[in-house]
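In the two assemblies presented below, chain A is common to both, partnered first by chain B and then by chain C.
== the complex of A and B ==
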């Protein structure tokens, strides 16, 4: 299979008068890890549900392996939903066996920390292990496409790193991966990012493409709390990075003027924006 | 103290706000009591004032006229068969064509009474007792008028309703509540296989329960099983499809286990009150009785009491069996199709789009 594994063609979905997804177009190629980013309610999960055939698009087309999503098409798909989709009253082994039987493949053998827990009920396991079990359930039939909705949410950093190692392993095997995440560090591990805001795809490309030379203003001051308060009150988008206040609107003279007007001594300078800051900028436009 | 009162007020206000928006609970709090009062008020009647009666034998026509004019007698003669005899009378009762059949070929005439219709039998006995020696009374199918004999066959249906509707709806809605239904929807399993795989265990468990309860009822309460096991099995199988269908339907209109139990309760209560096993159908006024004829338990009770107590054959039970079959097809199919929508919202049914390479 050389063409795209997943395709969204002008995909739209409305719920009554509310437009959840608006004209979203992108694709995922074999071996590519594509990150779908956006705040809660941006429309990421709705896009995924349409690509999997769980939700009908109001307009546009969702394609899985070049065809509208169907039962046959989903045989080569691995999916880890946000809620994990595991049976809490079954053991790890029983969950793996059920998924394997559904896909007609032999059950995978749990490894690492999962090995000790294979006969324990999923409901008794910590979230990190549960996520690994869900991931293994989605992988055991060796899918061509992996769709992961917030796969590392609530997982401790080591577990998250292990999960990303596995995602990379899969992409090297030629699997196309679509992954939604809130963690910007994880976004940096993706080959390509799709940025969604209010149902629209507002940017896509590599991290550098998306940041695209945009800058933020970093403000260093002993009186950082007052700096934060003054700039917030002026309607600027600000956040804290340690004791530095970062202003997302990259208008250095305005920032200097506002602080000088309040008699606050501060060192202000332009810095390259982070991807998170770029997301906020795009969401505000 | 003051802050305790404030907190309490906040708690009460919050509770009322939640309740106001919880339509199902509000339904149980307000709609259900009103409905129960009205329905119960009209339906709660143990007094039967209309007993379908047959007269058979050479004096059938004369006795029919006499019976209808007996003061305060509830008899409504619906069949007169001058050529009939005691066997004809028994057959009419076994088929539930009438509740009382008077054989005028004997001296004095013998009034055969269907003991499986408890309250009707009691009313009829009281009326015949007022006639003294003019009529001999013989109670068939439940000679000692044991309440348990009448209740156990109906309770079998009630237990099946409970398992079929509540337990099944819980099992189905849990898939939705935990999100595993989404995982099932993306697995390469046919929706029909998923649905059958979900329902069959409940069907088997309910069948086991049915056998257990029937045998226990027979052992503990000496309830007879006079009819055919096959006819009983047909009725029970059809009834199970209906109640399992109700359970599946409840799961499709509920988001979580709590809602499913609440909703199943709405389907359960009318069946307990109006299916004829507490209050005789004949005693419920038509203004409410029509509801009874939409309830599957009404028909299962007809079958279970008919088979177990009266030994009614298949052709005597065609009406309840046909009604159960219609309900099974309509409810089960409708519910399964609704559930299927959760599993296959748009499975490959869109027009083929332009595929870019």
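== the complex of A and C ==
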């Protein structure tokens, strides 16, 4: 296989007068992990729904393995929606068997914690195990393309690291992966990033391409909450990174003056902005 | 509020095992841990929603506690104003007091333009902020937030944190659960839970600086039991000196939380 697995070509979708997706073009090649980023309402899920064939584009094309999405095409696709898409009233084993039957493949054998709970109803299981089951359901027919909508929302750090082990295992087998995320550290695990804002694809490439020269001032002090309060009250675009208060696209002397005016001692440094900060900035304009 | 050596059992499952927690006035206390670690159970034990098998909770009167559950914390079929009126009424707030507080809170949360909208039609971020406003309506001394930022985009996350830090700055004791360790770093005290047990607790700086070992950044882990993926490479924990020539970095709170979980797994 050589051509792109997923393609969006000038893809657009309107709902009445509202343009949810506006001329979006990108592709996902075999073995590639592509991160789709954007604030809520940026159009990420609408793009995914069109690529999966669940929603018809108003203009442009969504292609799966070079063809418009179809039942046959979807046989080569694994999809884990935000809500995981499992049947709560079926057991782990029944969910796997049901998905396997739909795809005409033998059901996968649950391992680890999934094995111990294979005869329990999905509704009785913790989120971590449900997520593993959803992954296995999406992978058991050995798809070429994997689409994951916010896979690690509510997952703790170790669970997130393990999830990414699984994603990388798939991409190393040649699977093309499209993953939406809100979490910056997760974006850094992708080979390539796409950033959407208000329906449009506004940046793509590496983390540096996304940040696009935007800078921030990192303010370190003993009382982050007070710094945060003073700088947000002044109307600056303020963000938080751990205990550092960060001002996006800043005027360093203004920041220093505001803090000094309140008698706050703080160390201010100009640093490259993060992806989250770039997203915050786009949302404000 | 203080909780001492709490134990909670559901049937034969030990949900909390000898966990203690203090929530000082004007400070944020963060409870972190994975799914099933006992975070929500701990919060529910604090507000007497689950029976305690052993230990004790010393908490202020119920009427001075604000609680925002992990779900919506508001009624989807009611408008923003109707939600406010309903919750204000349950706390017996006088109309003029309720009006003043609601105006102030909804303005600070950026919700003043959507007061007629049904809660069910708000975006995820607005819905969480409404839940926060409702929990703050009666000016509680103790504010309990269960996963306030889960599922929120970075823009909404920072807006919610502005509200949380303002509440703490005004003297409210805030206790919240989160799966994001960068948020836990902002707390005065962090408590790391795993399978109902307290793995670590203290100020984020103390938890990190008192933890042994260093992190090696590598592309090919030599201690797979204590390595995990980060970016395109791996992070690997060494309890003492790593091999000569390795690229080492200091531990972060996230590293400490991951290593503590891995050590418990390997030990069990």
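The rule is simple: the second predicted complex is superposed on the first by the 260 of 285 C-alpha atoms of A that agree within 3 Å, B and C clash if a C-alpha of one lies under 4 Å from a C-alpha of the other, contacts with A are read in each partner's own complex, and residues count from 1 in each chain.
By definition in this document, a residue touches a chain if its C-beta (ideal position, glycine included) is under 8 Å from a C-beta of that chain, and two chains touch if they have at least 3 such contacts.
Not measured: the values here are computed from a predicted model.
Once chain A of one complex is fitted onto chain A of the other, the partner contacts of A:7 are limited to chain B, with no touch recorded for chain C. In the superposed model, A:128 lies in contact with chain C only, and not with chain B. Touch criterion met: A:86 reaches chain B, while chain C stays clear of it.
Contacts of A:283 after superposition on the shared chain: chain C is touched, whereas chain B is not. Contact with chain B, but none with chain C, is seen for A:99 once the two complexes are overlaid on the shared chain.
The residues of chain A shared by its contacts with chain B and with chain C come to none at all. Residues 3-4, 7, 9, 27, 52-57, 61, 63, 66-75, 77, 79, 81-88, 99, 102-104 of chain A are the ones that touch chain B when the two sit in their complex.
Listing the residues of chain A that touch chain C in their complex gives 38-41, 126-128, 150, 153-159, 161-162, 164-165, 168, 182-185, 188-189, 224-226, 228-229, 232, 238-243, 276, 279-280, 283. Touching chain A in their complex are the following residues of chain C: 32-37, 123-125, 147, 150-158, 161-162, 165-166, 168-169, 179-182, 185-186, 204, 228-232, 253-254, 257-258, 261-262. Within the complex formed with chain A, the chain B residues making contact are 178-180, 182-183, 185-190, 344-350, 352-357.
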